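Read from first to last, the chains carry the letters A, B, C, D, E and F; within each, the first residue is number 1.
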Amino acid sequence: VTRAMDEAIDILRRTAGVQIDCGTLKEGPPGIESQADVESVVLPTVRRLQAEPTDAYVIACFSDPGLHLAREVLKKPVLGIAESAYLAALGLGHRFGVVAILERSIPRHMRAIRMMGLEGRLAADRALGIGVTGLSDRDSVIGRIVAVGRTLRDQDGADVIILGCASMGRYRSELEDRLEIPVVDPCQAAVARAVSLLTLGYRTVA
Amino acid sequence: VTRAMDEAIDILRRTAGVQIDCGTLKEGPPGIESQADVESVVLPTVRRLQAEPTDAYVIACFSDPGLHLAREVLKKPVLGIAESAYLAALGLGHRFGVVAILERSIPRHMRAIRMMGLEGRLAADRALGIGVTGLSDRDSVIGRIVAVGRTLRDQDGADVIILGCASMGRYRSELEDRLEIPVVDPCQAAVARAVSLLTLGYRTVA
Amino acid sequence: VTRAMDEAIDILRRTAGVQIDCGTLKEGPPGIESQADVESVVLPTVRRLQAEPTDAYVIACFSDPGLHLAREVLKKPVLGIAESAYLAALGLGHRFGVVAILERSIPRHMRAIRMMGLEGRLAADRALGIGVTGLSDRDSVIGRIVAVGRTLRDQDGADVIILGCASMGRYRSELEDRLEIPVVDPCQAAVARAVSLLTLGYRTVA
Amino acid sequence: VTRAMDEAIDILRRTAGVQIDCGTLKEGPPGIESQADVESVVLPTVRRLQAEPTDAYVIACFSDPGLHLAREVLKKPVLGIAESAYLAALGLGHRFGVVAILERSIPRHMRAIRMMGLEGRLAADRALGIGVTGLSDRDSVIGRIVAVGRTLRDQDGADVIILGCASMGRYRSELEDRLEIPVVDPCQAAVARAVSLLTLGYRTVA
Amino acid sequence: VTRAMDEAIDILRRTAGVQIDCGTLKEGPPGIESQADVESVVLPTVRRLQAEPTDAYVIACFSDPGLHLAREVLKKPVLGIAESAYLAALGLGHRFGVVAILERSIPRHMRAIRMMGLEGRLAADRALGIGVTGLSDRDSVIGRIVAVGRTLRDQDGADVIILGCASMGRYRSELEDRLEIPVVDPCQAAVARAVSLLTLGYRTVA
Amino acid sequence: VTRAMDEAIDILRRTAGVQIDCGTLKEGPPGIESQADVESVVLPTVRRLQAEPTDAYVIACFSDPGLHLAREVLKKPVLGIAESAYLAALGLGHRFGVVAILERSIPRHMRAIRMMGLEGRLAADRALGIGVTGLSDRDSVIGRIVAVGRTLRDQDGADVIILGCASMGRYRSELEDRLEIPVVDPCQAAVARAVSLLTLGYRTVA
């Protein structure tokens, strides 16, 4: 997942002139699939951020674990990739669709979207039905995302698609070619937003 | 706080014919005032619930820490006192006001209320400006709650008041006499809801 | 209908330690299917409640006829079964589906749900297409509810189902087995809520 | 009240070329101030409408009593003055303020406004604190409405004012002069809407 | 289009006793299909209105071009047909469906509906897939509108249909016969509203 | 105004490594204060953008004139400063306050905010009561913004402030020092967003 993410945000390294380092949390599970997975990484994630001082932090998991804590503790911008993806999608289309990994992630997404007051802009959230670790077979994953994305577009009225996982950004270009609407990779969205916040001198507030 | 809570829910013990035990989490901070406090008790809280099997669980902190995790892990009803207070208030008035302990709790409350899709029923959320541990001086606390409650009622249009803390339920009767509108103690609301769920054979879902 | 209801709430008699009496309004039509049926029972219902003093009242019709009047006139808690079902469903799932008896009841439900500010939590409302008096053939009724409930669950995204009628509670257990999500019987929800309000010493406000 | 109303809608008689008859319901209370007053006139109102066949009906009470029943029973347009006032206000300003007669009418208004899904356009609802029968002293009533209207305009941001009563339309011109924003008389709004519906051949649906 | 519109509003001429003149903007494109078409007519439309003084103005294009400008510039009521259609639909049913000419008009409609705060009453917006100039073949157009209208009614739950174009009003009667729910012609809705505003002495505000 | 804007976005030139050119529309009025001002610049603005090909365009007026047209016509990202400011504010606080130049701009802002479905995140919009051209006296302008900003913060609950004008960004640092919450300059927000969209290879869609 970390390598996939690294590849997806490389585009930002080349143009934004900033240094972007990706790290893997050793204590974490292979993927975040359950609320137990989410909660297990909250404190280790924030400790890790505290241990590696930098100008801005991105928590690269679509459940945004530890986001509010990290903002309280650190005096720098801290960004979640899910919230960044929702904000990016608002600027790219009228109604966004979300491609969830698993059916059971959808209530967690709904809570986050409602928490931000954005449910009026949500077209629908639909699951791939593939586990995080099963996301490595490129062709079948892309085929499945395209199928779900077309349902979101044609049936639910989405005109922008959010990939509800940290590791699918490297497929963005192919997905946009096949879906013909913008596709948001949450990691790219968060790193780009971090660059903007740094440039303009903002920090995020708890 | 635990003793105050125990006293507030005693009314349910006498009439509902159920056994209700209150415990204090030893690992926790004296009060939950920050996001760091919230996150620090998530895993210990859920471990404690797992260690003491019973028919239903109430997490008695107005930040509902570990609620979604406990629901995923346990096969019994698990209730948060904040969500229970919001649900109770919907049935007692048209627009609810929240009495927060601290100004900085208000964004956390707003996130929870929006997450439940209930912001259309919120009149306002106003802070006492007293720390959790400072909540023990009965007279000054009641006086301050009455002042804030009157503002919520007269200026913001609330016709039911939620006490945004676990330890103020024992003042409910006096507060209702002075405010002349219903006052929701979140602990009472959660325990009463637990009794209802048990009676009707429901469990809560992650 | 009254006998069916009596059976459904029996579970509350056994555990809550309260006396619960069910009565039939003699002046009423056999079932409430139209607005004319609703309005015809408003005054007789409230007169009947006034004539039989007790600690709390439940108006056991999914149109909640006379609810606001009874609250104004009586100094005790008065509960409607529809409003109680909506409140209960909020605590059992993320989005509720409603099983209406007739297509033409749906606008009435929508008005009630919007009046409570809860439309953001509604998945959908779908009709059985069976009249109230035709609800007595157990097997066909259950089969039809299961079919409609599955559509609400699978197509509309409901994770809790409300039975939009006073007489279907005795089927709840079988329906939950087959639908695999919580099912709310509005009579049970209202009686349980009445017990809670009495225990905590609240009354409802006009 | 009936005479006042008659005067207010006279403007429509002169220009719309239709015959408009105002009647008083003999069975009713002198004014509708409580839910008991509302419910007491529902059936008599609808019986009266049925007894006097005409092309369209306006129920001239700001609680819209019997509206849904009359629509179900009659095959002609039936209009409530409150719903007509809300619809008219949507076309005259950005956010409407409501001048209620009594404080206790406000929850009833809020239910109606939420039922129509229009709470996003409501600035505020504020009470005069004068009973319906006390509305006859012209100068003090106008003075009070102007005071409340200015608060709605300057403090709550209303740019159109709805008079929440059937009998204040004759003051509209003076009120508009003094408040300098449009003022909606609900009777005028309903009669004008009735004329439109008749002209275009619509009827209202239950 | 102008002739079709003239025919549709003839019903208002006969009964309302007002003079209604329809004009064609010579500078405009044959139909308004794009944002470029919309913007190209804003200034010419308002200049034309200024050049022909009258008591009230209707801008008869479903994109309401120049509406806010005309209201600022003219001291008379100025109405858009789209906003008038949405307001009329609120009074004729519970949830309205919109029949758009083209798929790409839908985001423009959505912006207008959200701008008015009415998205809670929208069932759905579906496109005919026929260009404005292709709207002249009566039978195929009616057949297509009926097909789309049935989907809006049966699948999306609309109980009133808005024709999203200025030229389809003459088909209203046949469409209502076949769809069995009210159909709103935006030109009729706007002219009827203009007559009401004139009668009651209102003007619209920028 | 153009020079002030140029100064405010200079921070982006230094760090983002992109060339940013500011131009003044010669045909335009000195400031955009009315709907007439807005509409008068729509076509000239878009023609100017077409005449000067570049990678991305920002329309630097808080009324976002010509935004939808420019997106339809140009095959590059086109950004409005108002929509960019609203999106930026969502990521910097819980509820945003808007500092409008004039009272009469507020309805225009409300329409834009509702159009984006973001009214749930708006604290309030309050006017400075100073014309655009009067915005050049630094001290009195800053003093007035601070006063309005404090009302938005303390009375309306805003925790981020949007400057509703293109020319106040150079005061941002001083305003943030005195208000102690983030302040969004819409020009900075739009240019930063343009850089992000270019970096990630998105274009905006009509």
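Observations on the structure shown:
Quick note on the criterion: contacts are C-beta pairs under 8 Å (C-beta built on N, C-alpha and C of every residue); 3 or more make two chains touch, one makes a residue touch a chain.
In this text, all values refer to a predicted model and were calculated from it rather than measured experimentally.
The minimum number of touch steps separating chain B from chain F is 1.
With centres defined as mean CA coordinates, chain D is found 51 Å away from chain A. Centre to centre, using the average C-alpha position, chain B and chain C are separated by 27 Å.
Separating the centre of chain D from that of chain F, both taken as means of CA atoms, is a distance of 41 Å. Of all residues in chain A, those touching 2 or more other chains are 107, 111, 114, 116-117, 119-120, 159, listed in ascending order. By the document's touch criterion, interfaces exist between A-B, A-C, A-E, A-F, B-C, B-D, B-F, C-D, C-E, D-E, D-F, E-F. The touching residues of chain B, when paired with chain A in their complex, are 34-36, 38-40, 42-43, 46, 66, 68-69, 71-73, 104, 107-108, 111, 114-117, 119, 206. Those residues of chain A whose C-beta lies close enough to touch chain E in the complex are 94-95, 120, 157, 159. For chain F in complex with chain A, the residues that touch the partner chain are 11-12, 15-17, 83-84, 87, 90-93, 116-118, 120-121, 159, 181-182, 188-189, 192-193, 195-202, 204-205. On chain B, the positions that touch chain F within their shared complex are 107, 110-111, 114, 119.
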